[in-house]
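As written, the chain order gives the labels A, B and C, with residue 1 at the start of each chain.
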Amino acid sequence: MERTHYKQEINMTEALMSRINELISHYPEDKRKSALLPVLHEVQDAHDNWLSIELQDKVAEILLIKPVEVYEVVTFYTMFNQRPIGKYMFEFCQTSPCCLNGVEDLMDYTCEKLGVGIGETTADGLFEVRGVECLGACGYAPMMQLGDFYKEHLTKEKVDQLIADCKDDKIILHDK
Amino acid sequence: MSQKILLDKINIPGIKTYEVYRQNGGYASVEKALKTLTPDEVVEEVKTSGLRGRGGAGFPAGMKWSFIDKKSGKPRHLVCNADESEPGTFKDRYLMEYIPHLLIEGMITSSYALGANRSYIYIRGEYMWVYKILERAIAEAKAAGWLGKNILGSGFDLDLYVQIGGGAYICGEETALIESLEGKRGNPRIKPPFPAVSGLWANPTVVNNVETIAAVPWIVNNSGADYAKIGIGRSTGTKLISASGHIKNPGVYEIELGLSVYEFMNSDEYLGGMSSDRPLKAFVPGGSSVPVLPAHLIYKTAAGEDRLMSYESLSDGGFATGSMLGSGGFIVYNDTSCIVRNTWNFSRFYHHESCGQCTPCREGTGWMEKVLHRIENGHGREEDIDLLVSIQSKIEGNTICPLGDAAAWPVAAAIRHFRDEFEYHIRFPEKIKNRDHFVAEPFEKVKHLVTKQTV
Amino acid sequence: MKVTIDGQEIEVEAGTTILQAARMIGGDVVPPAMCYYSKLKGSGGKCRCCLVDVTKGSDADPRPMPKLMASCVTGCQDGMEIASKASPRVQEARKSVTEFLLINHPLDCPICDQAGECDLQNLSFEHGKSASRYIEEKRTFEPEDIGPNIQLHMNRCILCQRCVQVADQLTDDRVHGVMDRGDHANISTCISKAITNEFSGNMIDVCPVGALTDKTFRFKSRVWFNKPYNAHRECTTPGCCGKTTVWMFGNEIQRVTGRKDEFHEVEEFICNTCRFDKKELTDWVIEGPREFEKDSVINQNNYTQKLEKVEIATEKNILLGRDQDRKKISMASNPLDINTQNS
């Protein structure tokens, strides 16, 4: 399948490389490939939450595997983004228990408020709304994932507050 | 109050930290096992306990352990399945988030029993913050000497790591989990060989659910026989139930197996009844994969006995009138919810999560979703109901892994128990245009439109 | 050890799979196989076409296996009894899988180069239905160019993954694989890279459907209009046997493939030079015509034997109606005469 090729600036900082090497050390010497998923997460977090082909090639080089082995994995798992995405990605769980608690209305509300459709990024590149499958928080519905964290028992007011906090740069996305 | 063995200390302030956990008797099972028991004796205790796999299949854990190949001399691994993704289930996350050291203690004791020197906890990618909690807890345990070389001078070495997933329900299937742990796509493997013979990196491997492993410390500290005394019949011990949907108190509960569904639903200690005055319509007892049951089969089995929270009682009556305990994802629906919409929702989930490796699941899950979507949106045809029954029967049993069955069962059960609701959607498309169609006008009120009239 | 398939007994060695045992017996008991390929390690188990019913596990443990088993990845046990074509349950399962494989298939056989030698055609001929119950829109993929030699038609792919295994096991620089997941899983290089490895052409031969076809043969001829001959040449590519089948139209070599056995598996793999570059008669030593199964479409163009004229008793009556129809649309200046047509 033909895919659009997006460009990205790659910056493998020392901190990132040392974390990658630590992750690699979790596996036997000849099983470096096993570190692929955790390494992809680290690299993605350090690169605006998406992975260009060049970045994936870089990961392949570090783990001594073929680039296609990385592409296969990146395209299989839902958490790896293959295009530039909004800085704050609101990933609403839209599986049954969350629907019972009104997540669909909340998604409509959020989309309307941000002026985007599901899967779209706002013009300022700040927000993106997505519907995802069960996140394992059914008892705390409706909820969404924002960065590394869950925002639970959501209401329209809480969504408003979150949007305001994001704009004020008050939201921590990653727990490093 | 029923006995708690997993969550008994959950309310102690600071139990998340190593110091508090240790002060409250934490890691005692490691001391007891490493100093006074042989690995085989630990396995025997777990066998005696009757502990069954808490991930959903309910396979006896001790038996699974005894299958691990010790003769080949290859390194062995214990892998904890923390890829909790079954809709309706969120118990493992609760355990790991609030009492992470219990899982780590269980991993050490269990690894010792299996002779595993390199073990992993595979946690789903979305639980990123829990991954960090576990990483820090492992570092604490290691600093305190519970991990590494020659633990407690016993000669037993153990390296324990957390591995993070990338967002794929299928990685909860044990061989897909192993593939993912090897840095590959989460495609389930063809069995045999079973992981006990050839698992992680082709080494003998046991994969156990978080809750299963967390039960091991109590069993070792007390005894398998003590554990077997809790519960009912072959459903021994306690079980974490994740409760969600239209109930007053959603959340995670530890129950003694054998508690009646009625008491669990209605007592204030547990769910506290429905969230509003709308009546109970249906429930799913064990996560989205298991058959949904209509109101009249919830508290009583078809034979008129009390329905209990146990593997046997919940499946009483087979699929005709029963369901399964599964992973303990307890989802409750009141009369505003639409079974067709809910079935479509689950179907969409399985369609989204199918790995695409084998034909029936790859093609069938998408087909079911499309047909259900049409029905739910007023474009159904009368023959679509039988078509769905046919598609699901062609998936069931013909796939590599149980995801096919998991996708097929909810559809079959929904049609089995709520066929008239499907007919209503097909015959009165203008009445279901709004997604909240049953809020103002519950199905009970319009049921007569599709009931066969005797003239 | 001894196994029985549909009542036919055979002695096999330990480690033999049910499918291999069935192939030893041959004939009707052989389950169809769309993903298994004996020459490719790790193949099989995915398409679910070869499901069989193990009615007796073994002499030691005679219990039947509850689920249908994929015969290509299930090992024989001593005393095992298996129902293949004889079992209605197995027949039903094969029909189901066939239906699933076809719902999203474009059914573009009239313009597909694989037609006539397509395993999916054969499968649907035996297990398919003439009508589809699928009324939804079919899944399609954006096309991808994977280089000058191989044409990828993802819409036709059944994801057997044989081509990935070829790249993994015959070459050391695999650049394509399975991307995405579920019903959107697709064979791709992800970066639209040309697949140029010297053994990559074997992807075409192992592909059971028309997803990977030979660009140098594209739309040149229907396979049944070609005459296949076994041929060989002194090939200098390391690892290439130089033994091929050349597909001729008159004196023109239109296509070169590996030599395929009765299960449509190549006997030995060949290099791209033999496959794509050697299209002159002078390149090859022709050994003689290649034979095909008697019911194969390719065999309808049989030139290795003299065909007896077949008389079908009912032909007259069948053609009568057709001729009447033709008469209605035939031109007045050129009338059809029923009497001379049917005599």
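By definition in this document, a residue touches a chain if its C-beta (ideal position, glycine included) is under 8 Å from a C-beta of that chain, and two chains touch if they have at least 3 such contacts.
If you're wondering where the values come from, they're calculated on a predicted model, not measured in any experiment.
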Among the other chains, which touch chain A and chain C together? B
Report the chain closest to the protein's overall CA mean, measuring from each chain's own CA mean. B
What's the distance between the Cα centroids of chain B and chain C, rounded to whole Å? 41
How many angstrom lie between the CA centroids of chain A and chain B, rounded to a whole number? 25
Where does chain A touch two or more other chains at once, residue-wise? 69, 72, 76
Residues of chain B whose C-beta touches two or more other chains: 168, 185, 352-353, 355
Mind pulling the residue numbers of chain C that touch at least two other chains? 178, 180-181
Chain C to chain B touching residues, read off their complex: 44-49, 51, 67-68, 70, 73, 75, 93, 96-97, 99-101, 103-104, 133-134, 136, 139, 158-159, 178, 180-185
In the complex with chain A, residue positions of chain B that touch it: 84-90, 93, 118, 124-129, 132, 161, 163-169, 180-186, 201, 242-246, 250-252, 288, 329, 331, 333, 337, 341-342, 345-346, 348-349, 352-353, 355, 435
Okay, in this complex, where on chain A does chain B touch? 26, 28, 31, 33-38, 40-41, 63, 65, 69, 72-73, 76-80, 94-97, 99-100, 104, 133-141, 145, 147-150, 174-175
Complex contacts: residues of chain C adjacent to chain A: 141-145, 154, 173-181, 186, 188-192
Residue ranges of chain A touching chain C (in the complex, touch as defined): 1-3, 5, 53, 66-69, 71-72, 75-76
